[in-house]
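Okay, so here's the structure we're looking at.
First chain written, first letter: the chains are A, B and C, and each begins at residue 1.
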Amino acid sequence: MSVQAAAIVPTLPGRYYCDPAIYQLENERIFGRLWTCVGLAVALPQPGDYLTTELAGEPVLVVRGQDGELRAFLNVCRHRGARLCTEPCGRLETRVIQCPYHAWSYALDGRLIGAPNMRDAAGFSPAAFGLVPVPLACWEGMIWVNLQSDPPPVESQLVPRVVERLGDRETFERYRIGELRIGASVTYDIAANWKIVVENFMECYHCAVVHPELSQLVPSFRAGYAYQQGIGATFAEGVETLTLTGKRTRPLLPGLRPEDDRKYYGLVLLPNVFVNLHPDYVLIHRLEPLGPGRTRVVCDWLFAPDVVESPGFDPSDAVEFWDLVNRQDWAMCERCQQSMHSRAYVEGGIFAPIEAHIRRFNDWVLAQLGESR
Amino acid sequence: MSVQAAAIVPTLPGRYYCDPAIYQLENERIFGRLWTCVGLAVALPQPGDYLTTELAGEPVLVVRGQDGELRAFLNVCRHRGARLCTEPCGRLETRVIQCPYHAWSYALDGRLIGAPNMRDAAGFSPAAFGLVPVPLACWEGMIWVNLQSDPPPVESQLVPRVVERLGDRETFERYRIGELRIGASVTYDIAANWKIVVENFMECYHCAVVHPELSQLVPSFRAGYAYQQGIGATFAEGVETLTLTGKRTRPLLPGLRPEDDRKYYGLVLLPNVFVNLHPDYVLIHRLEPLGPGRTRVVCDWLFAPDVVESPGFDPSDAVEFWDLVNRQDWAMCERCQQSMHSRAYVEGGIFAPIEAHIRRFNDWVLAQLGESR
Amino acid sequence: MSVQAAAIVPTLPGRYYCDPAIYQLENERIFGRLWTCVGLAVALPQPGDYLTTELAGEPVLVVRGQDGELRAFLNVCRHRGARLCTEPCGRLETRVIQCPYHAWSYALDGRLIGAPNMRDAAGFSPAAFGLVPVPLACWEGMIWVNLQSDPPPVESQLVPRVVERLGDRETFERYRIGELRIGASVTYDIAANWKIVVENFMECYHCAVVHPELSQLVPSFRAGYAYQQGIGATFAEGVETLTLTGKRTRPLLPGLRPEDDRKYYGLVLLPNVFVNLHPDYVLIHRLEPLGPGRTRVVCDWLFAPDVVESPGFDPSDAVEFWDLVNRQDWAMCERCQQSMHSRAYVEGGIFAPIEAHIRRFNDWVLAQLGESR
């Protein structure tokens, strides 16, 4: 049997990371078509709680209804187009979505329930002027919306990714993300294309160089192996979780099994989520593309409810560790972005054998855009 | 006879408020063709007094001549293109417009009167290198300019609007705007398309919701009626003018008749002026479109000359009231602008019956652009 | 013989100074094809010393090699495209260009000498992944690079300009620019097209108006004559060099002849350098176009080595004088830029007879762009 060396794998050409036309196509065919995560369900516990965001340029309002259900709408009054909610999040104490311009009012399920002076408008049907609904699904505690009118089930998009990555569905489900609470959040504004951020997360070829602290805690990362199917990354001798000290100050997450004790799993849920599973906390990165060369990343650190509620709860050991790793990564992403327009990168670069799996992500992008190499 | 309810009236589609190509077309066919107000004549009392502005992207210089006449020119030296005057307004003490680059000099009527070292230029005719003139007309104290070379009289554009709005010409003329003085000025920078600002001024459907102070002074505004032809809006019992207290601290404007005593008239002079007539002062809003989603509004409060010159003259009661109302309006305009690009507004919104007259403004815009619904 | 007066000479139309498409064409056909100066060799004395810049949108790294030679490369890692050096200048103490993302390492001559984990990549040839070289030449102490792969010799571009301007090559060479040292540097950011800055430097029609201090020192400048072939500009009686006092506090530059004693020579080396020769110092302006309406200008004041090294060396008399003149010029350049889009300048302006030589620069630009009048 002959040993066959890994082939050299080309990256996407540079224009895919900086051309506004390609960015627009991605908004249309990726973020305008796929289920995309816009936040965590636990952040909106009560009826009337809402968040606002932009997805593929569309203003989206997510609000929890009287019946406890989350729903999404375009955040636009049907009368004259005023933006309805302008804060990133909040609570509608009146449980009515009222436009501040002319007081058109919508129930939390989007029905138009008040429109002053419209009684004498011939043929005006309030039912035709409810808020424009956007399909929404909760999956593992994450709120996913879809700008298509009749999308496939969210599971059909996400579950195969989990199985592909972890080998089964159960490992992921053991962490019961939907039952955890947010202990801390940090938002980053990165001068890089969202795909550079994804590619950075997908490989650990850079870990020994860029992340000395992380590499010390996870020996396989120091060797560059971040993406072996199924196994997860085992901590170094004496390391208990990913914190600056490597020590764990909280109990295992409820539901974990002994074999999860000293492992880290990282996975990408395309198009815009990274999930980081640790014995005592979960970290979720959510990407919001803001332009061809700009991406917002929102990080939420999740803990067991009793941990968050305990007196003196302090998530800073987990936050500080990943904030350090994140900033190390963003600096590299921004360096790459700077050269994407150069003739030196017209045909892209190459992936090392240890990064070759990223080619699948690149091919996925091309397939979404209806293109091929 | 059957009672017929008002029909539902669609607004312009969202792209008319945010598409750069439509904005450019408006600059060409509306602000590049029509008489447009660029300031008040009273602001330039002496020969050599000037103001500068941009109209449809063109730099315009308005200057009062030796003969007392106002004239407008493109604010560009004919030699190498240097901008001649760079301040928003000022006085040319030398009564010469001299370019600071090579000292080419123009008389206040635009003639080239000095061009060093040009004597030995074969065929050089100073007469061919005067400033490029822009048609200018004063009407009711307002300075109107027109970027066409041979425009129709300014009255043909403005007088029909006044008659259409107030029923006659005399009501308007009684306020003798051209004889008033500026008591205060405020400039606003609004993140909204100029047409949204016009539409906002045209309707009072929003008054009860957005303007509690104004609605208290003018009962018909609380009911939403702002645009009844001819009659003007009558103040509430005990209200004397539009100030925060509703009290009037100044005499009636000279020339007014008893029936003007307790009335407010608001009218739009397309493309860019709102006139607000009160018993004791006049407020003029002048719009300068700065981009598809940005408009500067300059407000001038005008009073009788003897009032402005009286010791202790204080316009703040009038200024503070309208500044409050203005800011309430701009906030709503900016909310609308934010959603103009949304698929929820691709076909626009609807005007309530009480706003239906705005349709005429929208149709006017389409007609100017050479388009129809 | 009949005396023939100078003709009126039209400038380039305004769009050449503000149209992004023309700017892009210039980047392609002027700055992307010609030798362009990116700095001074004396600024990079040691192996490992580098500077970074952008030329026609391309990130360029200039570095001095182990062998003492200067070389230029595209400043882009061949692996994933990370920008290699991000500071404007510095010293690579390790004498290796190492990418901070995955530690790919290049020798100072551009060879790939380290690429972790690439040993098992089938068919990977380090020789194929060296830095992309950019032709570089030193000429008279200036570093010139060329984005073409096989450009003609740098002398073929520059020497004819010197001879055309000064009548011979020797006058220029007497100043031995390559042996001087940098005594001071100032960088300016100007809101004007690079060609306006060139045209401003080429004529002294504006000197009497804009530069009273300079005109006092150089009588021919007061008269507007800046560009007579060969002769140079002679200082006024009692003036020794160009400083605020007109006095010279340093010896003549080594190599100068008695006839250079009281003369100033200014010349343009297209596309982007102005050289100013004085008896005791040389000033070099280097232009970096940053956009259709924005240009960075870097000024370096050069002195004899023993002068720079002498205790108490103070270049401020030369710096303050030219900084004053520069700022006077930039203000005029910015005034012109403001009106380039106006209909008043659609067909451009005119050059006075005293400026007529600038027509040759304009024709040169058109020839580079493949256009003609």
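We adopt the following convention: contacts are C-beta pairs under 8 Å (C-beta built on N, C-alpha and C of every residue); 3 or more make two chains touch, one makes a residue touch a chain.
It should be emphasised that the depicted structure is a prediction, and the values quoted were computed from it without experimental measurement.
Engineer: Rounded to a multiple of 5, how large is the rotation, in degrees, that superposes the C-alpha trace of chain A on chain C?
Structural biologist: Nearest-5 rotation angle for the superposition: 120 degrees.
Engineer: Regarding the chain A and chain B pair, does the interface count as same (over half of residue numbers shared) or different (under half shared)?
Structural biologist: Different: when the shared numbers are divided by all numbers used, the fraction is under half.
Engineer: Roughly how many whole angstrom separate the Cα centroids of chain A and chain B?
Structural biologist: 48
Engineer: Do you know which chain A residues sit against two or more other chains?
Structural biologist: none
Engineer: Please give the residue numbers of chain B that touch chain A in the complex, ascending.
Structural biologist: 4-8, 11, 14, 199, 205-206, 208-210, 224, 332, 335-336, 338-345, 348-354
Engineer: For chain C, which residues count as touching chain A in their complex?
Structural biologist: 57-59, 74-83, 86, 100-103, 115-118, 120-124, 129, 132
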